[in-house]
């Protein structure tokens, strides 16, 4: 049974087609890298999945239940967590409170009180290594710290599927390795499927993803195990920037 | 806590301690010096100060137990807000130890102070709340000087009934407010009694900016004359837009607006011949002689003395209007009642006020057992060549009525409503 | 009979509606560009009314001449308020700009009160009337209408034929994109705010041509509320939408009166007021982007 | 340690207690204190929605207005059943809450789906529209309103009626303020508080984090409206014993509420109390010192606050006491 399934999903903005008839299929516990240059429709795809946009065509399923028209918060309850390309912390609140929000309203919502949520928060804050900052106001963090906090906040939601939008952009290689290692651990113990989205094929994807999906002009260009995908001529073309002849 | 110190300071500011036998008599007043009633409030302030001055300097003070004691006036600004009124009235009663409280302007604010005044059994005199309903509430300590709203247009109707028996079609168009509706009710009843035919009866909301729709319907009703108004701004608009729509009638009487100088300033000769009822106008013929004729006790300054005192009191060269006169007359009423009761005990004074009947520059004064003013009759004034002339009732009139009023076409040619 | 009155009221409504529309364009422009609702709108209308009043009574200038004067005064005020306050609030949470514009309105009212006092003033610019059997129209009202249309057209030309205008449009579409394309967004904000205020103040003059009395520091309130309804009718972010919204509003306000008058026992006037707000809520409920507003 | 959660209520209640003691202890202070408590109560109630969600509800005064009508109608229609005794007041309070609650539900359902700017406009529309409906359709006495001093005397007797107006009405406003404070604390510390914080900071992110923003906005909106209804019923209804539409639908009261909350610190527990006292006293003194200049002084203050320190007095205080022994008491 697929955890997430997209059927011919199309999202338009006025004239231009941001996502064009994309099929996607994610199994529980998989880790996938979605790759594509800026404007290739990655973020739009994320917004369709997490319910910020509803597609003009196609359907979205989560654990075989259709969620195409489900509001975002309901999807979060089902087990969809995400981070943002440009991080969006709740600026005036502390790191701890930010992460606690994730715990309170994620898949555990209704079954967890504030105190437990805060405990859970502490755990994930420690996991991403922000413990000494946990009482600082989120607005005052550095970009990298914010990204880490968002990862913690998303993890605290206890999702089944975690969508990360450029979670590693602008990070020092050392941090990336740490984060990747970390994500792998969590994935193992919590059986979370993870989708990392990046502009360029880089160590993150190589080290992290079992499967790579390449987006180009809103279409899914390639969907293959990492090793193959990297060798795929189309991909090479895209990343050498040669024009892609229409077929 | 900052507040505590401020409050302590506020206490220390509190007035002098009150000793058994009155060293003086104090009038307390939460005046409307700012907010939406600031204009009327300033007038009342001047009127009261003028008459207090007269009592102390000309009349020689208030006579109690054989000795004359000075009259004092203590007031604060209530900002025309109900929350402030209640707190100021209590402060006046308990801290400043006043002997009577004069209500703020408007029926609403007068009502908001009533429970506090009643609580302390304090005499509460109303010179700015015209609502008859105040006196249907069974308050013990409220006494009214201003005439009740229902009587505003009664005189006007009598006048037209007399001068032009053929004019039968009357249009009523008042503001949709507590006060104006009461005037309208009074006018409607009296009009029916006199056999007028009410061909139009509508109201318009407070703060209206365009009366055109109402006026075009009114025009279609073809009235002989129009009674209406509510406040100053809408009265001004009413007259102006009648001109724009070229609505010509034999007479137009607007409450609250037409009597004020600013009305003519804003409208110029469009206001020629327009009338308005008033509790008091400069020029009324009330005098000791008239009082003697009517067998009434006279007290207070003459009209011109009052105007002089009023201008001194405010330190400005503005004419007193009826807000000033009624507030001033209220001081005189209180003084007479205290002397009558030979005491400052509110209950005794209240009783004395019930039987009190007198005349001043303001005219007659007499209240019924509920405290409602019944002794004061209103006058009607008309704009004639840029001057306010009192045209009714005959005993108070300072000139002849100009009737019918000129059409707007004639006015545009510069015609004025001066009778030859 | 009733039809004549209806026709008469609708004619009056159309004329007044034009003025209302023009009086709302500034509000919509400012919202469109800065995403700021000018809650102090009415106070700026009031300033315009006083400009007309003062020029007429003190210098004997006709309201026509007062329009450009008001435009200048308005733009000056606009720049002043923008650089002293608004600049700091662009992009800040809505509530801050709402409160700031609100406070600006109060300050204007109180300052004007200090200068002119609280009397209700008026001026008497008599240029005759035309009698169209169903109703009577003073020429002043007709001039007010023509003036409004003229200004609307000028704004349209400015928008579509000048570089600055085009830049403003691009910012309305997408301020980020505009910035990327090298538009000095900061300056466009200032300019649009100033022009928006300028239009609003000028509309104050036109309103006094329609209703030359009741000029006082607190006259603005009702116009703020009307402007909101009209702006929403026209889609809040679109100046032309606002203009046509004004026409519609004028027709509704005057037309519905004649109809409500047929209800026995009701107060038609208050009901027309109620209707206009009911419409406001209805539109917000059904189509928040406004009747004429197209884009999200 | 659960108990520590409720420490912040202490300074608030101390404040109210001091007001009460001054009112009882010092002659002529009662009504002034009543005015201050009124401002604190309105601030506290208004803060629950405005402060915690960041949405400006210009139509807030409509809920107070409906509260007054609730009390007025109860006394107007039930006064002849004097065997009900004070039950009439209870009915009034219930009516006030039902009416304010219903309106807030309707408005909330419609307007809370809108963005901040549209919301603010919509709420102005509700307030004005409602007033003109009452006047135009002649509901509840139309523009002439209801005066019910007489009915109160008939229902409770002169003595009791007067005590209700001059004593118990004010005390109940104090109690309502105390309850409002408790609710505020409960919200801030609980799940609701986290939800409101999140949606105030970034509504889009909040949705994706699993927060049903409309639901939580509605909770805050209705709570705040119910409290307003109670305040109106007591502070304007039972206390003043009359209601005229233009006076109770006066939008300037919403503005006062905004100033109070911003001044004290939006979204904080202690803020409305501090704001209410500062505003109330400043106002009271200005009426004595500079009559007519209040607005000209308050308007620039609003601008300074929103531009310079949007977190308000308590907001600043909170930062100051961070790490000190006072921290657990200031919220």
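Letters A, B, C and D name the chains as they come in the text, with residue numbers starting at 1 for each one.
Criterion: a residue touches a chain if its C-beta (ideal position, glycine included) is under 8 Å from a C-beta of that chain, and two chains touch if they have at least 3 such contacts.
Model, not experiment: these values are computed from the prediction.
Engineer: Note down the smallest number of touching-chain steps it takes to go from chain A to chain C.
Structural biologist: Shortest path length, in steps: 2.
Engineer: Decide which interface, A-D or B-D, involves more C-beta pairs in contact, and give its chain pair.
Structural biologist: Spelling it out, more C-beta pairs touch across B-D than across the other pair.
Engineer: State the chain with the largest centre-to-centre distance from chain D, centres being mean CA positions.
Structural biologist: A
Engineer: Distance between chain B and chain C based on Cα centroids, please, to the nearest Å.
Structural biologist: From the centre of chain B to the centre of chain C is 38 Å.
Engineer: Take the average of all CA coordinates in chain A, do the same for chain D, and state the distance between these two points in whole angstrom.
Structural biologist: Using C-alpha averages as centres, the distance is 43 Å.
Engineer: Just the number, please: Cα centre separation of chain C and chain D in whole Å.
Structural biologist: Inter-chain centre distance comes to 33 Å.
Engineer: Specify, in ascending order, the residues of chain D that touch 2 or more different other chains.
Structural biologist: If we look for residues of chain D contacting two or more partner chains, we find 132, 135-136, 142-143, 293.
Engineer: Name the residues of chain B that each touch 2 or more other chains.
Structural biologist: If we look for residues of chain B contacting two or more partner chains, we find 38, 176, 203, 205.
Engineer: I'd like to see which chains touch which, written out pair by pair.
Structural biologist: A-D, B-C, B-D, C-D
Engineer: Under the definition above, what is the set of chain D residues touching chain B in their complex?
Structural biologist: 15, 18-19, 22, 26-32, 34-36, 38, 132, 135-136, 142-145, 147, 149-150, 153, 158, 162, 165-166, 235-236, 239-242, 244, 246-247, 277-278, 281, 283-285, 287-288, 291-294
Engineer: State the interface residues of chain C toward chain D in the complex, per the touch definition above.
Structural biologist: 31, 35, 37, 39, 85, 88-89, 93-96, 98-100, 102-104, 106-107, 109-111, 114, 225, 228-229, 231-232, 236, 265-271, 273-274, 277-278, 280-281, 284-285, 288
Engineer: Can you list the chain B residues touching chain C in their complex?
Structural biologist: 38-39, 176, 202-205, 207-210, 212-214, 216-217, 220, 232-233, 236-237, 240-241, 244-246, 262, 265-268, 270, 412
Engineer: State the interface residues of chain B toward chain D in the complex, per the touch definition above.
Structural biologist: The touching residues are 1-4, 6-7, 10-11, 14, 33-34, 38, 76-79, 82-84, 86-91, 93-95, 108, 111-112, 114-116, 118-119, 133-134, 136-139, 176-178, 181-182, 203, 205-206.
Engineer: List the residues on chain D that touch chain C in their complex, please.
Structural biologist: 50, 54-56, 58, 110-111, 114-118, 120-122, 124-126, 128-129, 132-133, 135-138, 142-143, 255, 258, 262, 293, 295-296, 298-300, 302-303, 306-307, 310
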